[in-house]
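The following pair of complexes shares a single chain, subunit A, combined with subunit B in the former and subunit C in the latter.
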Partner chain A sequence: MTELTLRRSELDRARVLRLLQDYGVYAGVAVLILVNVVLTPNFVSGENFRTQAVQVAPVMIVALGMALAIGSQGIDLSVGSVMALSTSLLSLYLGYGPWIAVLVAVIGGMVIGLANGSLIAFIGVQPIVATLALMVAGRGLALVLLPQLKDVRDPGMATLGSGSVLGIPYLVLIAVALAIAVAFVVRRTTFGRQLLAIGDSRPAAQLAGLPVRRVLIIVYVVSGALAAVAGVIATARLTASDPTSLGTLMELSAITAVVVGGTPLSGGRVRIGGTVAGAVLIQLLTATLIKHDLPPSWTQIAQAVVIVAAVYAARERGKR
Partner chain B sequence: MKSTAQLGRTAVRTLVATGLSLSLALTAGACAKSEDDGGSKDKDKGASGDGGQVVSSPSAGNAKTCTIDQFGAEKLDLKNATVGFSQSEKEANPFRIAETASIKAEAKKRGVKLLTANAQSQFSKQISDVQDLIAKGADLLVIAPLNSDGWGPVLRAASAKKIPIVTIDRKINSKACKDYVSFIGSDFVEQGKRAADQMIEATGGKGEVAILLGAPGNNVTTERTKGFKDRIKAKAPDLKVVFEQTGEFSREKGQSVTEQLIQSNSKISGIYAENDEMGLGAVTALKSAGKKAGDVKIVTVDGTRNAVQGIVDGWIHGVVESNPRFGPLAFQTLDTFTKGEKVAQDIVIQDSAYTEKNAESDLSKAY
Partner chain C sequence: MTTDTTEPAAREKDASPGAEQPQGATRSERLTSLAQQHGALVALLVMVLVASLSFDSFLTGDNLENMAVSSAFLAVVALGMTFVIITGGIDLSVGYVFALGGVLAAWGSQYGTLVALILPLAVCGLIGLVNGLLIARARLAPFIVTLAAMLLARGVLLSVTDEGSTTYLVDKDAFFARLGQEKLLGIGLPVWITVALFGLGALVLRRSRFGQYVYAVGGNEDAAALMGAPVARTKIAVYTLSGLCAGLAGALNAAWLMSGVTILGTGMELEAISAVVIGGTLLTGGFGFISGSLVGVLLLKVIQNVINQIGSLDSAYQQVVSGAFLALVVIAQTWLGRRRRML
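So, the complex of A and B:
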C-alpha cells in the first residue's frame, strides 16, 4: 500500500518535471512578459516588441541550427566564428552588390559546416572537438580577411537592417520563416526522422541502414548556413562588419536557448518551438535587467539559474 | 571493420573538404571587392606628424624623475640598441592599430631595430612575449600592459639584466625607476571629467543622462566612470545619471543597450559612451528609433575618425581624445634616459578634444 502511494507520487513528480521541461519555457516567457507589463514603462508598445524581436533574431536563427546539431547528439561550437566569417566575407564582397555578397557569406558558412561535418562523420572526431577546432580557425580566418571593424554603406543592407513590411521588420520575418522551415523539416520529412533516429542511437541507425554520414554532414552544413545568415542579419542591423566582437559567446547563448527550450543534450529529440521560446526568454531576461538598470552581472547569474533549472528538469526525466 | 580501401576513401573525402575550406580562404582574399570607402583612411594611420602626443604633466621641478644611474643600468646609444615592443591586444581596433603603427614608424624614423610581439589579450602570453623579447636580445622594452598587476616575474628577469622598461597607456603596479623607468599615458579620470564638462555644456546641466560603460573589471572603465560622475556631482547636481549598463566597448552592444534604454526611458537627454565604438552604436540605435541628430547629446572618449565625423554630421556632440600615438614620446624618453639625462617617472600626455568648433578642421588628426 505505502509502496504503491510512493510510486504514484514519484510518477506525479516525473509528470510535473516532464511538463516543466516541455512547457516551462513558455511559462517563463509568459511570466517575464507579465512582470514587464506591470513594471516596465512603455513595455506594451509596438516599437518595444519590434526591438526585442529584432535583437533576438540572430540568436534565434543560430539556435535553430544548434537544435539540429544537439538533436543529432552533437553540438556546434563554431557558430559564433561562422558569424564573424560571414560578416567579413560580406564586407569583402559588397563591391559586387548585396546579393552576391550575401551568397558568398552563406557559402562560407556552409563550407565551415562541411568541414565540421566531415571531421565528425568520416573521421569520427567528437563534435565538441571538431567544432571547437573550427571555432578557433573560423575566427582567425575572419580576422585575416577583415582585421578591423568596417562600415557597411550599401543601401540594400541598410534596408534589410531597418526596413519592415506591415510594421514587421524584415529581420524578424526572415527569422520566423527559417524557424517554420526548420520545424517542418524536423517533423515532416524523412531527413528529420533520420536525424532524430541518429541522435537517439547512432549505432542503431547505422545498422538500420540509414545514411548516417550524409545526414550528419547536412546537419552541420545547415547549422553553418544558418549561422552565416545570422551574421548577415547582425551586420545589416549594425550597418558595420565587426569580426572582432560579432558572435562572441554566441554558441553559449544558442546552446542555452536550445536546452532551456526542452531539447535534451542527449539527442534524439528536437523542439523548435521551445528553442524559439528559449531564445525569447533569454532576450526578455536581458532586456528586463537592462531596462531596470540592474548590474550586468545579474543577467549572467539569472541566465545560469534558468540553465540549471532546465537541465535539472531534463535530467530527472532521463532517469525515469 | 572498415577495409583499408574504405579508410583511404574516407581520408580523401575529408582532405577534399578541408581543402575546400582552405581554397575558400585563399580565393576569398584574391577576388574580393569591397565597398569603396571614399578615402584611403587606412593608410598613414598613426604616422607621426600631426596628432603626435604632447606632454602635459611634468612641469619640471617637483615631479619624480629617474636617471640611468639611479636605475643602475649602463648608458647606451639608442641608435645601436634593440628595442622590444610588447602590445597587449590584437591590432583590431583603431586605438591599437594607431598605437602599434606609431611605435613602428618612430623606430623606423630613428633607425632603431625593433622587435614586436602581440599578446592577443592573454596576459600569460604577454608575460612570455616579454621574456621572449628579452631572450632575443632586446636592450630596452616598451610595454603596453594588458593588466596592471602580475608583472613580478618578468620585471625581476628584466631588472636582473638591467633592461629599462617604459610602459605606455596603462601603468604597472610596481616601483618606478626600480622595476621600470617611466609610464607614459593618458589620465583616464581626467578624460571622464572632460567628458562630463562637455555633457554639462550640451545639456545645460539639467536632465537625465545615461552611461555606456566599458568592459567590466577594466581600469579604463572604472576611471572614466569615476571622473565623469565626480565632475557631474560637483558641477551639475541637477544632471542625474539614471542608467549605467555595459556596452563592453563594442559597437553592437552599445547599439542593443541604447535601444533598450530609449524605449523604457524617453526622457534621456544625454548619453556618455566610454569609447567611440559604443557611441557610434548608440547613434545607430537613435537613427533607427527615428530620432533626429542632436535630440540626444552623445559624448564619447577616444577620437577615432568615425566618431569625429559623427560630430561633423551632428549626431555626436563631443569627443574627448585619448591619444594612441605613443611612438615619438616613448622613443624620446628612451633616448633621453639612455643618454644619462633624467626623465619623469609619470609622463601624462595632453589629450585634446573635438567639438563642433574644430571637428571639421581637425578631422585629419583623428585616428
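So, the complex of A and C:
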C-alpha cells in the first residue's frame, strides 16, 4: 500500500516537473506580462510592444541556431563574434549596395560556421573548445577589418531597421519567419530527425549509418548564418557598425533562451517554440527591471539566477 | 602521469597478434608524449629566438620586466584554471571574478592591507565555492554554471562601483600598494609571488593526495568514485581554488595599477584557457601539468609583445593569432591523443 502511494507521489512529481519544463517558460512569460500590465504604466501600447519585439529579434535569431547546436549535443560560443564580423563586413561592402553587403556578411558567418563544424565533425574537437577558438579569432578578425565604430548611412539599411508592414516591423517579421522555418526543419524534415538522433547518441547515429559529419557541419554553418543575420539586423537597428561591443555576451543570452525554453543541454531534443518564448522571457525580465529603475547590475544578477534555475529544472527531468 | 597512461597501452600492443615491432611502437609513443608535453616550450623558445633576432628592443631589461609583470596576473588565473581543467571541467567566470577581486581590493585598501587582501579572497572564493557546489552536488554542466557566475560577478562589480562609474584608488603610501610596486633583486614582487604560487601548485598537484584525486576525477569520474576518491569534494575544491586564484590575481593587479579598474578582465577566461591548453593540459581531463600552463602564458605574452613591437599591426591581430594558435594546438592535441589511443 505504502509502496504504491510512494510511487504515485513520485509519478506526480515527475509529471509536475515535466509540465514545468515543457510549459514553465510560457507561464513565466504570461506572469511577467500580467505583472507589467498591472504595475508598469504605458505597458499596454502598440509602441511598447513594437519596441520590445524589435529588441528581442537579434537574440531570438541567434538562439535559433544555438538551439540546433545544443540539440546536436554541442554548443556554439562563437555567435557573438560572428555578429561582430557580420557588422564589419556589412559596413565594408555597403558601397556595392545593401544586398551584396548582406550577402557577404552572411557568407562570412557561414565560413566561421564551416570552420567550427569542420573542427568538430572531422577532427573531433569538443564543440566548446572549437567554438571558443573561433570566438577569439572572429572578434579579432572583425576588429582588423573595421577598427572602430562607423555610422551606417544607407537608405536600404534604414528601411530594414525602421520600416514596417501593417504596423509590424520588418525585423520582427524576419525573426518570426526564421523561427517558423527552423521549427519546420526540426519537425518535418529528415535533416531534423538526423540532428536529434545525433544529439541523442552520436555513436548510435554513426552505427545506424546517418551522415553524422554532414549534419554537424550543416548545424554549425546554419548557426553561423543565423548569427550573421542577427548582426545585420542589429546594425540596421542601431544605424552603426560597432565591432568592439556588438554581440558581447550574446552567446550567454542565446544559451539562456534555449535552456529556459526547455531544450536540455544533453542534446537529442530541440524546442523552437520554447526557445522563442525563452528569448521573450529574458527580454521582458530585463525591460521590467529597467522600467522600475533597477540598475543594470541587478538585471545581470537576476539573469544569472534564472539561468541556474532553468538548468536545474532541466536536470531533474533529464534524470528521469 | 604519462607512464600511467602509456603502460597499459603498451601491454595491449604486445598482446595483440600481428602487431608491429613493440620497440618502434614505444619510440613513437615516446615521441607523441614528448610533443604533447614540451611542444609549447619549443614554440616559446623559437618565438623568443626569432623575436630577439628581429627586434633590438625585445631582449632589453625593461621589456622583459614588463612582460614578466603583465604575465604574472594571467599566470595566477591560469594556475587555478589548470586544476579545474584537469578534473575535466572549465571555469568561464574567472575574467569578471578577476575584475571583481581588483575592485574589492582597491575599495578595501582604505581600511588596511589585511582587508584589501582578505575581502577579495573571501568574496571570490565564495563565488568559486558556489560554482563547485552547483557542479559537484547539483551535477549541473560546468560551463553553464560558470557562465552564470560570470554574470553574477559582473553584476556585483557594477553594483559595488555605482554601475561602473566609480573607480577606487589605492593610496600610494599604503603597504598594499607596495605589494604591487616593490622590487626584490630588480624583479617586481607580483612576479615572485607568482613563481612561489606555481611552485606550491606543482607540489600539490604532483605530491599530495589531493593532486592525485584531481587527476583521478578527470581521468574517469566513476572509476575514481569506486576507488574511494572524494569526487564531489575534489570538484568543489578545484572551483574554490580557481575563484581564489582569480581573486588574488585581481588584488595583485590592483596593487600594481594602484586602482581597481572596472573594465579589466573581459576575455581573460579565454586567455587563461588558451594558456592552459597550449601548455599541454587536455580539455578532456585527466592529463596536464602546472609548468605547461606557465609556458602557455609566457607564449601568449611573447606573441602579444611581438605584435606590439611590429607597431604597424593593430592589436586586434593578436586575437586572430591567439585564436588560430588555440585551434592549431587543439587540433594537434586531438590528433596526438587519438594516436596514443590507437598505439
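Just so it is clear, the second predicted complex is superposed on the first by the 320 of 320 C-alpha atoms of A that agree within 3 Å, B and C clash if a C-alpha of one lies under 4 Å from a C-alpha of the other, contacts with A are read in each partner's own complex, and residues count from 1 in each chain.
To be clear about the criterion, contacts are C-beta pairs under 8 Å (C-beta built on N, C-alpha and C of every residue); 3 or more make two chains touch, one makes a residue touch a chain.
Here the structure is a predicted model, which means the values were calculated and not measured.
Enquirer: Give one word, clash or fit, describing how subunit B and subunit C relate on subunit A after superposing.
Expert: Once both complexes are aligned on subunit A, subunit B and subunit C clash.
Enquirer: For A:Ser297, select first, second, both or neither according to whether it touches subunit B, subunit C, the two together, or no partner.
Expert: Both partners, subunit B and subunit C.
Enquirer: Tell me the contact category for A:Gln55 with respect to subunit B and subunit C: first, second, both or neither.
Expert: In the superposition, A:Gln55 touches subunit B alone.
Enquirer: Check whether A:Leu246 is in contact with subunit B, with subunit C, with both or with neither, and answer first, second, both or neither.
Expert: After superposing on A, A:Leu246 lies in contact with subunit B but is clear of subunit C.
Enquirer: More residues of subunit A in touch with subunit C or with subunit B?
Expert: Per-residue touch count on subunit A favours B.
Enquirer: May I ask you to decide whether A:Leu89 touches subunit B, subunit C, both, or neither, giving the answer as first, second, both or neither?
Expert: first
Enquirer: A:Val311 in the overlay: touching subunit B, subunit C, both, or neither? Say first, second, both or neither.
Expert: A:Val311 sits against subunit C, while subunit B stays out of touch.
Enquirer: Where does A:Ser45 make contact in the superposed view: on subunit B (first), on subunit C (second), on both, or on neither?
Expert: First partner only, subunit B.
Enquirer: Looking at A:Pro147 after the superposition, I want to know if it touches subunit B, subunit C, both of them or none. Which is it: first, second, both, neither?
Expert: In the superposition, A:Pro147 touches subunit B and subunit C alike.
Enquirer: With both complexes superposed on chain A, which partner does A:Arg139 reach: first (subunit B), second (subunit C), both or neither?
Expert: Only subunit C; A:Arg139 stays clear of subunit B.
Enquirer: So, A:Ile112: does it touch subunit B (first), subunit C (second), both, or neither?
Expert: first
Enquirer: Taking 149-157, 185-193 or 257-265 from subunit B, which overlaps subunit C after aligning chain A?
Expert: Stretch clashing with the third chain: 149-157.
Enquirer: Once the two structures are superposed, pull the subunit A residues common to the subunit B and subunit C interfaces.
Expert: 115, 119, 123, 141, 143-144, 147, 296-297
Enquirer: Quick check: in the complex, which residue numbers of subunit A touch subunit C?
Expert: Checking each residue of subunit A against subunit C gives 75, 115, 119, 123-126, 128-130, 132-144, 147, 248-249, 252, 255, 259, 265, 295-301, 303-305, 307-308, 311-312, 315.
Enquirer: Contact residues on subunit A for subunit B in the complex?
Expert: Going through subunit A, the ones touching subunit B are 40-43, 45, 47-48, 51, 55, 89, 91-96, 104, 107-108, 111-112, 114-115, 117-119, 122-123, 141, 143-145, 147-154, 161-162, 234, 237-240, 242-246, 287, 290-291, 293, 296-297.
Enquirer: Which of the residues in subunit B end up touching subunit A in this complex?
Expert: Residues 10-11, 13-14, 17-18, 20-21, 24-25, 28-29, 32-36, 90-94, 97, 216, 242-246, 248, 250-253, 255-257, 259-261, 263-266, 277, 280-281, 284, 288-289, 306 of subunit B touch subunit A in their complex.
Enquirer: How about subunit C: which of its residues touch subunit A in the complex?
Expert: Result: residues 90, 134, 138-141, 143-145, 147-152, 154-159, 163, 266-267, 270, 273-274, 277, 283-284, 314, 316-324, 326-327, 330-331, 334-335, 338 of subunit C touch subunit A.
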